[in-house]
Amino acid sequence: MAKRKICTIVASRANYGRVKSLLESVQKHPDLELQLIVGASGLLYRFGQVVNVIERDGFPVNARVYSIVEGENLTTMAKSTGLAIQELATLFENLRPDVVVTVADRFETMGTAVAASYMNICLAHTQGGEVSGSIDESVRHAISKLAHLHFPANQEAADILVRMGEDPARIFVTGCPAIDLAARAPKEIGPEFFARYGGVGPAMDLNRPYLVVLQHPVTTEFGQGIDQINQTLAAVNQAGMQTVWLWPNVDAGSDDISKGLRMFRERNPEAPIHFYRNFTPEDYVTLIANCACLVGNSSSAIREGSFLGTPAVNIGSRQTGRTRGPNVADAGYTAQGIAEAIRAQVAHGPYPSASIYGDGRAGERMAQVLATAEVSIQKQFFLRG
Amino acid sequence: MAKRKICTIVASRANYGRVKSLLESVQKHPDLELQLIVGASGLLYRFGQVVNVIERDGFPVNARVYSIVEGENLTTMAKSTGLAIQELATLFENLRPDVVVTVADRFETMGTAVAASYMNICLAHTQGGEVSGSIDESVRHAISKLAHLHFPANQEAADILVRMGEDPARIFVTGCPAIDLAARAPKEIGPEFFARYGGVGPAMDLNRPYLVVLQHPVTTEFGQGIDQINQTLAAVNQAGMQTVWLWPNVDAGSDDISKGLRMFRERNPEAPIHFYRNFTPEDYVTLIANCACLVGNSSSAIREGSFLGTPAVNIGSRQTGRTRGPNVADAGYTAQGIAEAIRAQVAHGPYPSASIYGDGRAGERMAQVLATAEVSIQKQFFLRG
Amino acid sequence: MAKRKICTIVASRANYGRVKSLLESVQKHPDLELQLIVGASGLLYRFGQVVNVIERDGFPVNARVYSIVEGENLTTMAKSTGLAIQELATLFENLRPDVVVTVADRFETMGTAVAASYMNICLAHTQGGEVSGSIDESVRHAISKLAHLHFPANQEAADILVRMGEDPARIFVTGCPAIDLAARAPKEIGPEFFARYGGVGPAMDLNRPYLVVLQHPVTTEFGQGIDQINQTLAAVNQAGMQTVWLWPNVDAGSDDISKGLRMFRERNPEAPIHFYRNFTPEDYVTLIANCACLVGNSSSAIREGSFLGTPAVNIGSRQTGRTRGPNVADAGYTAQGIAEAIRAQVAHGPYPSASIYGDGRAGERMAQVLATAEVSIQKQFFLRG
Amino acid sequence: MAKRKICTIVASRANYGRVKSLLESVQKHPDLELQLIVGASGLLYRFGQVVNVIERDGFPVNARVYSIVEGENLTTMAKSTGLAIQELATLFENLRPDVVVTVADRFETMGTAVAASYMNICLAHTQGGEVSGSIDESVRHAISKLAHLHFPANQEAADILVRMGEDPARIFVTGCPAIDLAARAPKEIGPEFFARYGGVGPAMDLNRPYLVVLQHPVTTEFGQGIDQINQTLAAVNQAGMQTVWLWPNVDAGSDDISKGLRMFRERNPEAPIHFYRNFTPEDYVTLIANCACLVGNSSSAIREGSFLGTPAVNIGSRQTGRTRGPNVADAGYTAQGIAEAIRAQVAHGPYPSASIYGDGRAGERMAQVLATAEVSIQKQFFLRG
């Protein structure tokens, strides 16, 4: 019997960490064949070119597709989605996958979902049923309504999916593959850690306490990015700790955030902040497993953070409503509030681990479902009994 | 105070009838300015070029956009969606609408919804919360999850929207604008009726009983279109009544349907069937208001048909689950079953009118909401108390 | 040593006949590997789906790409070119060809040329240096200015290329591959000839004299197509001979031509004209090798026609300036003029063969150049000594 | 009589300076109406957002179009061209210009040329007939073969156009609009000069000698950009003079150049080099009119430079073959050679003005031709008598 062809699209550095253990499980599964497309910011130097990490990890890349229309604003985010659909349709036409797996809620994810569902290809979706802010909130649920197989991280998310009219027979609570990597993270960082990464800024000693900051634009608050990042910069600068700062993702408003960071660098060349474009997923999770506090608005503070017990300061509205553990403290867009929250979290130290996003075996569970599930392409709104 | 700019995209002949009364109401409203984009099959000769009807009706067209990638298969349906997003994003960038109105569940509608929602433009959606078959089912609900204002046709649909997590404060049960036209439909057809339309086939006398047939491809059953249409052709041929037949829409599989129709014409030049590409929305509704039976899988059999009391034979899965009145009889994809249902419906004659899709005032209600509603661009899954 | 990867794009039925012998030679050459992309109208049912012929001929297709934006007007011709470039760039990125071969002067050819030349891929071009009417005239020369290897059909064309500033060291007078097929064409047609082709219209006996008509739109005369085709229809109808008529290509204005043909069919169901969407290249050349007269504005009347000695009536401006043999008589867009020219050419009968477009060995010569040529990607306007 | 609509596309900061005086002349001409589209890197912050300068200069922008696919490599350059064609076709469809003016030889220019020529819109082209290196060389000539009106800068270029088969009746030697701005450039720089521009790097006194450096990627040497820019950086660093450095344009390889510049900045924070994204065209020409030496591979060293008498060091192959005055000295890609050439040119001081690219009245001449020329859309290769 022919192996089922499972096609995954990795579109950014964050995507990759949230699907890597699934790629491994698909590659190992006797009844599955992995097809891998890398596109969008996953190919771009400015965003860390995760494609290089993927190839070093031993995953052959079936196709590369440039799909980001430059501008980093709302218009180009829409256009990039459109371009992704066009291109992915051609790639699916030629690769002929049996199932397409799409991750979470980004615009490249939307592009994948639209292309696959219109082409009658079974669409599997991770992170469905989670709640958040930004345009991601709308997009995630829209993708769930297009998807044929759901891999929510927890029961709470699964319940939301059922409420939205998804058939329980298509919903599999697997946990999130991001936790699979978190479960393997070493509890200390070797001295050679940063040898592989250039970045810009002063050297650091990661055996002393350090912050990690990752703040993305909030697309529904487009235009307020510079003010927002300046508050965070002021708070972090005030904290005076050595800091690992990642450049933001490619969402609309990214330019504003980057501009704020570059201006800060010009004016504060002595600040103990080192800026990076990318880490391998393993190094990223190691980094946040060992930091004094994770600051910003990345979902990793809530997702991997809850499992790792990482003290986190979550800023603004981007994660509003997302299920979380005790490790997260909220702050608004004010330097004062952020600084106080950082101080409190650093003082608190690590939290106990919570398994609300999985137990470390999500990838293998998903692969097993992909190998065996039989679903109809035709969906129908599911009305409870 | 500046008028609110309300931008609508008409992408097909069917779209137009389902939004025309809203266009009128927006045009008349003192606080609203109408922006009109015509695209997709709405520009194409093969699909009746509804753009010409629109201009004759006195609606200035702000922009035309060709967005159909030819092929009429699943791949090109996806690609056309992608192209539409790209192009609409540029048009929205330049027209700067305050609200974008998108109709129902077609792929052009999806393109509109993605472009507008990513661009932080308030998205209003009609027909949300209805249930059906084909890919339309998935797409309609996905669009609801992107939309900021909902104009469902009835309470049943509104309830589905709430269940899906939409905020009741954003849901307005207005009825469907298609019923606004149905409510004005004359109860007889003048002899000059077809002077305006060429079409191909023998002449007809519409004061004698006639059938209307409109059967679109079902995208989730792609590849079965020729068999399906051949069954319908055989049944209609067997009925032996004069018949008005509309070419199918541009969905994947349209080519198969058209091929079946053309082969039938070559082989049965004497059959009393006249084929048309398009009618004005008013003429279409007049036509079905006065026919002996409406056959096929168009939602107009259920929507306008329920209001008009038109006997209808609904074939196959395309309308599965859609709320309906007593005027509809179902048939599978068999000539025998279709023929029997036609016979029974013709014998039955007109049904009493049912207002389940509106009372004829949808357009004005929607315009009033568009003029006054204040909604946040940021959505959040609405969890009941 | 790795084989050189030679990538060809077949974008229409006409394209294929003009490159098929080259594909054979590349496939057989020990130092070359063939990559084949089929796109544009080559995938479309309405234009004969030459992709099926290609696969039956034993050429594996590496990728399919839908790139025609529907509309058949000037705007969509431009858009289709843009879409083709976008898609081909992704395919070239993934196929990594050493040389891309592009044929003649169509908009898909332009798309290929732009994509390859911007990507520093050696671009080989056939039919460069020929002169004609329509937009093809501009496009053909523009492509020559992008190409790195030229395969003109004859010395006259080669001289034009040198005058245009192309380096003589990059120009190889090989003849046209279309003549390779013409040289193999049987001098009679078997009775089973049309079994493979459906088409519409009455049966024919090809052992009795017949006409072949092929009239494409002239894009630079867009809007005049219906008038033009009506003149040809009147003339052919007046001739009263059995006629094989091919539907036009996908150029802007194709819709007008098709509309004219369909209206004629509705009004003249008895006319002895049979309409076809496609023939294999071999069958097409056999068909024109044995016809009484080839009518229309296809370059095949001049190209293959000169070799085969086929009496031809060339209508209008589309072939203005193209080097020709004695077999061609010109006519303007008037039924009268066309009818007289047909009468004279039928009366004259076959002409002697002229080798002005090649001797039947173009494909093998081209393959040999492709295997051995060393050219720099950097071009420079060549100024004669 | 309706005014002729003249549509120009400005796609980059360099574009604008080379067409600004024409925009002024069109705007003032009683028989012409100006339509302005700004797209490509002309909208992007990273490339100086020349759209803001354009609007401050009083030119209303009819449409904005994002058309750069991010990646800055050969593949995305091709894709950006394709995207530009698609989008411009829609804009032309809606703006309905009588003539489209396209500037020089960039990929956005190619996109404009393809869209306009396929749409039977008269295409006017500046800088045709010039010779250079990079892909620009091929593209410039290809565009000439698509254009209907030529505005070469000098007789030498006009002669090349005739040789290429262009009709002398369509060729107008007008000079280059870039010289119109150069002719107005003040011969000194006020102290407030840089108040309007931020940039990064130390402050400068432009009344003391300074260098200007502008080095773009050479697309046909893609992959060698870092080595090339490092040689220039070493040479300029060695010169030890205060330096105004512009970031490179968006061509393939731009990323490499930028990376080289950023790494240099990190390592040499004290170097007296100030980096800028953009100047107004007037400020740019003032800047090079008053510098000690213009270094790099911009055509402005040859074009405006010849008129201004600016000592210039031209590096590498990008300008190979371009007609030049005595102000230019060549250097290869070696720090040593560049440093020596800079030294010699600074020592030499200003050269006499040469009018080989125009006399300062190009814009008004072009506008007059645009207002009065009658050309056929149908081109034909012009064979000399």
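The chains carry the letters A, B, C and D, assigned in the order they are written, with residues numbered from 1 in each.
In this text, a contact is a pair of C-beta atoms (placed from the backbone, for glycine too) under 8 Å apart; a residue touches a chain by one contact, two chains touch by 3 or more.
In this text the structure is predicted, and so the values were computed from the model without any measurement.
Chemist: Computing the C-alpha centre of each chain, which chain sits at the greatest distance from chain C?
Modeler: It is A whose centre lies farthest from that of chain C.
Chemist: Using the stated contact rule, I'd like to know whether A-B or B-D comes out ahead in C-beta pair count.
Modeler: Most contacts of the two pairs: A-B.
Chemist: Rounded to the nearest whole Å, what is the centre-to-centre distance of chain B and chain D, using the mean of the C-alpha atoms as each centre?
Modeler: A distance of 50 Å separates the two centres.
Chemist: When the C-alpha atoms of chain A and chain B are each averaged to a single point, how far apart are the two points in Å?
Modeler: Once rounded, the distance between the two centres reads 38 Å.
Chemist: So which bits of chain B are touching at least two other chains?
Modeler: If we look for residues of chain B contacting two or more partner chains, we find 66, 75-76, 79, 83, 86-87, 90, 93.
Chemist: Of all residues in chain A, which touch chain C in the complex?
Modeler: Per the stated touch rule, the residues are 63-66, 83, 86-87, 90-91, 93-94.
Chemist: Quick one: which bits of chain C touch chain B in the complex? Just the residue numbers, please.
Modeler: 43-46, 66-71, 75-76, 79, 83, 200, 255, 259, 262, 266, 269
Chemist: For a test of understanding, state which residues of chain B touch chain A in their complex under the given definition.
Modeler: Residue list for chain B touching chain A: 74-79, 81-90, 92-93, 107, 110-111, 114-115, 117-120, 131, 133-135, 137-139, 141-146, 160, 163-165, 219-220, 222, 252, 317, 320-321, 377-381.
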